Amino acid sequence: MTVMSPSLKAEIRDLSFSFGQVQVLKSVTLPISERRVTALIGPSGCGKTTFLRCLNRMHDLHPDARYKGEIILHPDKINILDPAVDPIEVRMRIGMVFQKPNPFPKSIFANVVYGLQIRGIRDRATLDERAVQALQDAALWDEVKDRLHGPATALSGGQQQRLCIARALATNPEMILFDEPTSALDPVATSKIEELMTDLKQKVTIVIVTHNMQQAARVSDFTAFMFLGKLIEFDRTDTIFTNPSSKLTEEYVTGRFG
Amino acid sequence: MSHDVHRVIAGNRRLDRLFRWAGLGGMAFAVLILLLLLITLGVEGSQRLTWQFLTSYPSRVPSRAGILPACVGTVLVMLVTALTSIPLGVAAAIYLEEYAPKNRLTAMIEINIANLAGVPSIVYGLMALGLFVYQLHLGHSILTAGLTLALLCLPVVIITTREAIRAVPVAIREAAYALGATKWQMIRDHVMPYSTAGTLTGVIIALSRAIGETAPLITIGALSFIAFLPSPPVTAGPPFLSVRWLFDPFTVLPMQMFNWVSRPQEAFHLNAAGAGLVLMMVTLAMNGLAYYVRYRSRRRIQW
Amino acid sequence: MERHLDIELKDLKDKLLLMGGSVESQLQDALQALIERNSDLAVRVVENDLSVNKLDVEIDETCLRLLALHQPTAGDLRFITTAMKISTELERMSDLAENIAERAIELNKEPQLKPYIDIPRMANWTIRMVNESLDAFVNRDVALARKVCRDDDFVDDLTEQLFRELVSFMLEDPRTITRAIRLTFIGKYFERIADHATNIGELVVYMVEGKIIRHMSPECYGEEGDVSVPS
């Protein structure tokens, strides 16, 4: 259940984004509450994945990306989009889990500790401890504790995705971004990961993009509906799904779009 | 089913059989020729494959001639080639694939590298003569030969390394970036390890081509009658390590073969066959190594 | 774009209207049976109750099926849950109509106590309320729904008035007690039916606006002539 008035983890103010001449996001403003799940829904091409990738500056990898507006991260109130802010620093505070599970073709252990290693943590005892914690938090520990040094690619799709979640968790990020994390998985694996997210939100703020509305309804506390690069409506999830304010939202949510 | 459909299917089946036999025939023909070559070489050359042959110096007497300096020379020249072309080629490939901006200049560089892979090797020899021998005064030495062959190998190494790098999926790179890795960390920890196998395969194939190159080495002045070995790398007194051998004259196996084949006595031709067999075995071994490396890596790394 | 779900929702609405129509005619017939002292009509009213119960079960099953299979949200969800509740209200109304008919049968066995004036007034008002509540549902007319809720006061007042009149009869002449009490019951039944009509009105407001106004103060019903919604 949602507790009333949670604190803010991030504020997105007037975010516009374009690839070269093409404007993909138009003046999006919305809050991200701390230790809650915020879902982004909308039809294909509405800009929700683009929005998500602005949060950890992943678009910096493309030379044509142009950000406008601010994303203020609390509690220190820095603007993530400021060119003076190092994107590496942003990514060390905000992790990401991708649509198709992408574990490194190394051992399970090597996968989980990679994030720690590039932060300069080399002590074996610390790495072990953090790896175990991360794998437990990702509900994967019991399944892999006997084969930590076996190949990550030998795991099933659902397990690989949980491994990617463990890998992101190991570095204790403040926020984790999920980009359609279960769209490549079967229903059982999907529901395991949804359960996991409901547990995880007690520790870390979660933002999830999903094209599955029922998933957004099941998992999230707040939902944002986007269309053609604009934010149409943002509200508590139960309100969006029982009594949305905008007619467009109602049409999308009841499946009458198109 | 109607009669027409049956006819069409029968016709297709006939075509199918025709192609199968044509393919089989072509393959059999090629394999036969290859086998004939190998058997001839083997039969002729194996007579001369003795310990004496492998450890003697060339001589005016065919039965006393050996390929020791040629072998040593081949090894040393290949060493220089490898040590030059691998770092340069891999670094160039990494730069082109990961760091270079995607503009016209880069595209031109890429096109020219591909062209260089097809340049005749004697042209490399000529260029090496002008640059290494006359301009830089490196002499007709192992160093010159190694550098010349390195130039030959470079385009192939660059191209295969780039392919190997490209084979690393974007998803892996994104995963590394999302964890906070810098570009170099991503390359060092993921791109390079996963592309090593492909790179190695390319390197081995390039080297196994270079090992048999004769024309460029003749051009830069490899001698064909050498009765001595290059200077040893280790010295008795300080500084204990010497690089004089780099500047010594030398010969290589293909050169030795060329020299013997140009003599009138048939006995020398037999010697050439023997040397050829040795060269062939080394080449086959290197290719086999390349296959093995690729096989092992495919088992270890599955995307 | 009409989807299969839309067709099913339309079917559901039609079933509800059918049920509503049945209930309305039951009420009319029950009133007639009392006024005209026609017990055969009253018996028919009692039998009709079965078909209404059947519709109630059908509607419930349809709604459950739609919820399970289509996971409806927002407006669709509110419509389906409202339909389930309206069905229950109508079923209760039907039971009350049956009760009225039974009392009528009993009363018709004895001489009429007094000319029936208040009861027909109350009955007609109530039947109109039921009719309007169903109209409000069909037309998603929130103003009409709120009016129905306001109209409940009239029925409550009439019930009180009827009760006082019958009490005075009973005090005067103890031989009238059984008939008077039966008439009181009939008055009470109509009052309850009006309450159920009010409930339907409140449900319609929820369905259209997404606001639950049940169990709230009557101010929520707004004033006569209100076009905008009081919050």
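Note that the chains take the letters A, B and C in the order they are written out, and that residue 1 is the start of every chain.
Following the convention adopted for this analysis, contacts are C-beta pairs under 8 Å (C-beta built on N, C-alpha and C of every residue); 3 or more make two chains touch, one makes a residue touch a chain.
Please read these numbers as outputs of a predicted model, since none were measured by experiment.
Participant: Please list the single chain whose C-alpha centre lies closest to the global protein C-alpha centre.
Facilitator: Measuring from the global C-alpha mean, the nearest chain centre belongs to A.
Participant: For subunit C, which other chain has the most distant CA centre?
Facilitator: B
Participant: Averaged over CA atoms, how far is the centre of subunit A from the centre of subunit C? Could you give it in whole Å?
Facilitator: Roughly 51 Å separates the two chain centres.
Participant: Roughly how far is subunit B from subunit C, centre to centre by C-alpha average, rounded to an integer in Å?
Facilitator: 95
Participant: Indicate the whole-number Å distance between the mean C-alpha point of subunit A and the mean C-alpha point of subunit B.
Facilitator: Centre-to-centre distance between subunit A and subunit B: 48 Å.
Participant: I need the residues of subunit C touching at least two other chains; which ones are they?
Facilitator: Within subunit C, no residue contacts more than one other chain.
Participant: For subunit A, which residues are in contact with subunit B within the complex?
Facilitator: Those residues of subunit A that touch subunit B are 56, 58, 61, 63, 88-89, 91-92, 95-96, 98, 100, 102-105, 114-115, 118-119, 151, 153, 164, 167-168, 171.
Participant: Across the complex, what residues on subunit A touch subunit C?
Facilitator: It is residues 213-214, 217, 240-244, 249-250, 253-256, 258 of subunit A that touch subunit C.
Participant: Touching subunit A in the complex: which residues of subunit C?
Facilitator: Interface residues on the subunit C side: 1, 3, 5, 71-78, 209-210.
Participant: Considering the complex alone, what residue numbers of subunit B touch subunit A?
Facilitator: 101, 169, 171-172, 174-182, 185, 189-190, 194, 300-303
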